[in-house]
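Each of the next two complexes has chain A plus one more chain, namely chain B in the first and chain C in the second.
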Partner chain A sequence: MNPEPVHTDIAVVGAGPAGLSAAVAAAVAGASVTVIDAYSQPGGQYFRQPNPAVDPDPQEPRPRAGRELRHKAEAAGVRFLNRTVVWGAFEDLRLAAYREDTAQAIELQADAIILAPGTYERVAAFPGWTLPGVITTGAAQTLLKEQRLLPGQRIILAGTGPLQLVTAAALVKAGAQVVAVLEGASPGEAILRQPGQTLAAVWGQSTRLKEGWQSWRTLKKAGVPYHRGWGIIAAEGKDSLQAVRIARLDRQWRPIPGTERRLEADTLCLNYGFTPATELAQLFGVQLHWRPAQGGFVPRRDEQMQTNVPGLFIVGDGAGVGGAELAMVEGQIAGLAAARQVLGDSTLTRRIEALQPALRREQRFQQFYARLFTPGPGLDELAAGDTPICRCEGVSKATIVQTIHAGADTMHAVKAVTRCGMGNCQGRVCGPLVAAILAQETGQSPERVGQFRARTPIFPVPLTAFTVLTTEGAESAESRN
Partner chain B sequence: MRIEANTRRGQPVTIYVDGTPVQAYTGETVAPALLASGRRAWRVTPWGEPRGLFCGIGICFDCTATVNGVPYVRTCQTPVAEGMVIETERPLERDQ
Partner chain C sequence: MREINSQQAPVVIIGGGIVGSAAAYYLARRGVKAVLLEKNTIGVEASGRNGGGVRAQCRVRIERRLAMASIKLWEGLEAETGMDMEYTQGGNIRLAATEARMAQLQAEAEEELADGLYVELWNRDELRRRAPYLDSDHFIGAKYCPTDGVANPILATWGIAAAARKAGATLLTHTEAVSIETQAGQVTGVTARTPDGILHLETPRVIHAAGVHTPQLAQTSGVQIPIKPARVFVAVTQPVRPFFTEFVSTHDFGVYFRPARKGHVHIGSVGIFDETFDKSTPDYALPRLATAARLVPALRGVSFLRTWAGILAMTPDHLPVIGPVDGLEGLILATGFSGHGFCLGPIVGKLLSEMILDGAPSINLDALNLSRFASTVQSPTSPSSNRL
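Right after this comes the complex of A and B.
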């Protein structure tokens, strides 16, 4: 039991590029800062660190950069709560959290909160997608970078975006047999159609271009086929993945009849982009708006990354997918703006303004990038009637479609009737899939369909996690709206 | 399978999966240790589907197992320890 909430000037939720940058900026400006993060080491997915038991001082550029940022934060006095999940948000900028390794319930009260929750990978539902061996590309990255393990013997990557390319190259370098990389989009066409915009967007992006080019060369050298305009249509296997069926896709990402092929593989890595994690924003009553180019519903923010809730800032991919560089600029701006608010230090204004050119440059790149790698509607049509859409509760596409035709025409109604989204993942995996089916079956726009509404607790925690809550003012911020 | 080149491992430890000893190393989490032992699935859903690792970042809850008596533990987020007891989840045990 811990009856007094812990106070901190600024609480940062998430220790990826955005959260770490925000924490450093705010702490250097003089604020007391606490960073809460679900993982055992700060860094998030982008700066993921190798297993610290064996490699405490990584030399690879990304983990190294993340480690340096963390050291800066520690030197500035930032306090880290690792392996801690935030499960509730309450009025007066209070957060309820649970530390998993010590089974400790935590309540934190802050004068400003910076959310940097990141994203969830977007996947696709097709026949066989729940077979063991079908994983996300993020899972492959974690195995490779943190655990130094190959996810399988014969690996196929399917989806869209440069993460697939970079991951495939990293797998090859680690000794894996990569059978093929399937890129659903045809990014070359967009670049050739709009050479001027391409040049404007990639200006100043030499690190990104170099990484992409090196990955490409690694795949070429290893003879790994990189198929643009191809995608998965089904996975096959008895107890685990044995083969995938692939096809050439048209511009709408619909399989072109007669192009189907079968490839043997024991591992399939999926990534079709990212969905911002908006659960905490929802609990706080933040206004969201529909921005498909940024991954879906994202918070409305002012130029300092502050939301309609005073003192609540949101940064990084969780505020709109834009990559690590944009996330770090946004984090710095929010860290300085929150510190200015909390400390009343107006001298920070100049430093916030100085970051605006970098912000614009990264935003330009984000807009360009989104045009190249956005899945078409055919992706949402791959599931068969008996394909599970909700992995947790085993709800099939046919059940969802029947429920919609019986009159359940909102996300909430589909969830209430079918239990889709009520399992342990709380709709994080199936949410975008259900939304797409609902939009398709009812003719509503994705904006009107919306998303599953976040409910406290937003993450499964043991009942002992609730013992910390003081009864006074324990009403959820969301329930007042 | 574990990558050998340019990789150091922690201390060897033994974990027990449904009573069978499995070699792992300190600093590893449970799911990779199970994959390295050749297992692809360590859970069966109530409707009979085998499941193992999926998202790898603690979000999807597909890779859960009973660890040292605690049910529904995410194996991708749980570090191994000497003598850890893993019980795979089966529908008969939890739903009937």
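Right after this comes the complex of A and C.
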């Protein structure tokens, strides 16, 4: 049942903009490249392809651009392992994966690995946030992009960042009634305060500005209200969402008393930014550092996107949230740098250097963007005592607070004692929420609080998937037969 | 670092695992308010990372006596402390795949019955009947002890520590003991590093229960303890509909498994001992843990949720070191449990309190004294019969 460990010059984990760009760059430079991705088609969330049964020939620019990149990769000889989840990372640049459709265990050994794992959406915990009908904006986008489905009839989007705007416009175009879009930040104020930085940052960003402008126009035309400086404070409903309570927010994102309103809706889409997926980096022993403007803990990298683990590169939002354009530049740099290392081809250096101006431009935009759309501390104060924080294990905020005050004042101890983060999601949803509570209750900085430590396997994997790994002794030889 | 505090304590306990916490608890119940120093938080090392077995069978005689007495304490511990420890007596099955193993279990059963521990020997048919969830083609028989069971290691350690605090003990977490001071063969104090500075505690008595970290600190008082680290592994599955209650282990396959309250199954390694402090899960541990799926068909479609490693404190004879230290008045050791300490935690804590309050423990522990390592004669214990 088990194939031998597959060797490849370069393994790329994740087939979004960063991973695809890295794969193309490395393969064109002459390396053998294998891309492993959890979805059925390459593209990631940004280039997400519609289900072929629903739309075999999509004409929207993003799926088209994604397919073009994929065709380039295929033409350069890149091998794709789709529907394959990487669940383990081991010494000597080895990856353990599981192919879901064929129930096949795969071990991959590479001379260089480029991780492009992307991010998880950040949610907020407030009374009612676990009601059916409350979803993430990314989930709404997936339904729409892949299945051409609307998540509901009367939709409210809340959180921060341009994803809200773009998704709201797409929902309107698909025929949904969008009741309102609530942007917690007040980006206009920041722009007016720092016009020079704004101009420097948006220089060369015409595609982005155009996309934003078009979304804005779509919402205006449909009469969808876009409230800046407003946020959700509670969701209501018996068995599913019926209404949300909203309020105007101050600079710290705390609700301003007396501004509360109630809006009826059956669907609430939330997105408060993104958290980089660092589990594989953690398993490899990559040093992380705290960069809140990039989504939290992110890997330390050199200019070629290489980490402290020789041969291990990390690119895209999973290395620090910066958007698709930055991800693609980082991917190209890492692809070339990994190929240079593996093939010993120093002529690639010039091409890596040529990408530096584009990298700087995108980094500037990322820094500007982060300043506009970073939630304030008030967001972490919305949960009531009985509000669930860990929905997998049903752990309330009050239980967590109590446990912290009883002495379990580390992320590990909170998890151990309350079971918070022990469920199927492995703490991906509740991790940032628990960290915020711990920081608040102990007065420690988020940097000191840290995060849940990644554990093998980083996604649930059937016991049978473990038998592929190389072992010693008769016992293991037996289990490999 | 500045000295922030200087205090007196009747007893200082080093280590907030199950043994140190239980010692603090039983001392406090009898009016002695010890100060416990824990460098991290309560129960995050071996006490909180083990399989949770609470078992008297398959031990050498001295440990059997301790375990039987400890189980008596376990039976009343949740009611007494008011803390949920997920303790159940679901039974313990030790499997035999070979005739030699079966003979070993038979010999053990005779000793156990003589010591008043009820156990049953099962042949293959009986095993099929009593544990139908096992693929019994792999085994020729088993030994079963109905009064053995499991507890949640984290909640139990946490619960005992909380009860100790409630009874008057002082638990200082994030406080790392850095030296034990002595004068003329007598313990005089302990110095610790806290987040706010250096803490000095004057005390005539120290219970040193810092697990695998015991030797380094003991050296500050001139005591050599032969303990080495050993990494073991545990995995937990996604929850399944409960289909067994027993803690099941097999040394022939190097694995144990047991149910947890919400339907998760914990699977642990037996007999892999890496001499390391590294708590990551290496690749070779995983096939061993997955062996459980070969032995239990119902686990074949089940997924692992996560794995973790724990670091055991191993002595040369795989028996704990408990008791005073010759030539150093006031230091009591309780360490080196070699992977069998979780079940013993409550009774050892109680016996430590008796050493301090009554002058001697109610169960003779001479055989476990550190002095046994000074002689060249080592205990004849077979390590493999004593695992878990």
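In the analysis below, the second predicted complex is superposed on the first by the 468 of 481 C-alpha atoms of A that agree within 3 Å, B and C clash if a C-alpha of one lies under 4 Å from a C-alpha of the other, contacts with A are read in each partner's own complex, and residues count from 1 in each chain.
Just so it is clear, a residue touches a chain if its C-beta (ideal position, glycine included) is under 8 Å from a C-beta of that chain, and two chains touch if they have at least 3 such contacts.
Because the structure is a prediction, the values reported are computed rather than measured.
Once the two complexes are overlaid on the shared chain, A:Ala408 sits against chain C while remaining clear of chain B.
Legend: residue contacts after superposition of the two complexes on their common chain; A:Asn424 is shown touching both chain B and chain C. When the shared chain is aligned, chain B comes close enough to touch A:Tyr120, but chain C does not.
Of the two partner chains, chain B and chain C are each touched by A:Pro460.
Within the superposed three-chain model, A:Ile135 lies in touch with chain B and out of touch with chain C [touch as defined at top].
The intersection of chain A residues touching chain B with those touching chain C, taken from the two complexes, comprises 423-424, 460.
Residues of chain A that touch chain C in their complex: 88, 90-91, 94, 96, 283, 406-410, 412-413, 416-417, 422-424, 426, 455-457, 460-467, 469-472, 475-476, 479-480. Those residues of chain B lying in contact with chain A across their complex are 1-3, 5, 7-11, 25-29, 32, 35-36, 40-41, 45-47, 49-62, 64, 72, 76-77, 79. Those residues of chain A whose C-beta lies close enough to touch chain B in the complex are 38-40, 45, 51-55, 100, 120-121, 130-136, 138-144, 147-151, 153, 174-175, 239-240, 266, 388, 391-392, 394, 423-425, 428-429, 460.
Across the interface of their complex, chain A is touched by residues 40-44, 48, 154-155, 158, 161-162, 171, 173-174, 237-238, 253-254, 280-284, 286-294, 299-308 of chain C.
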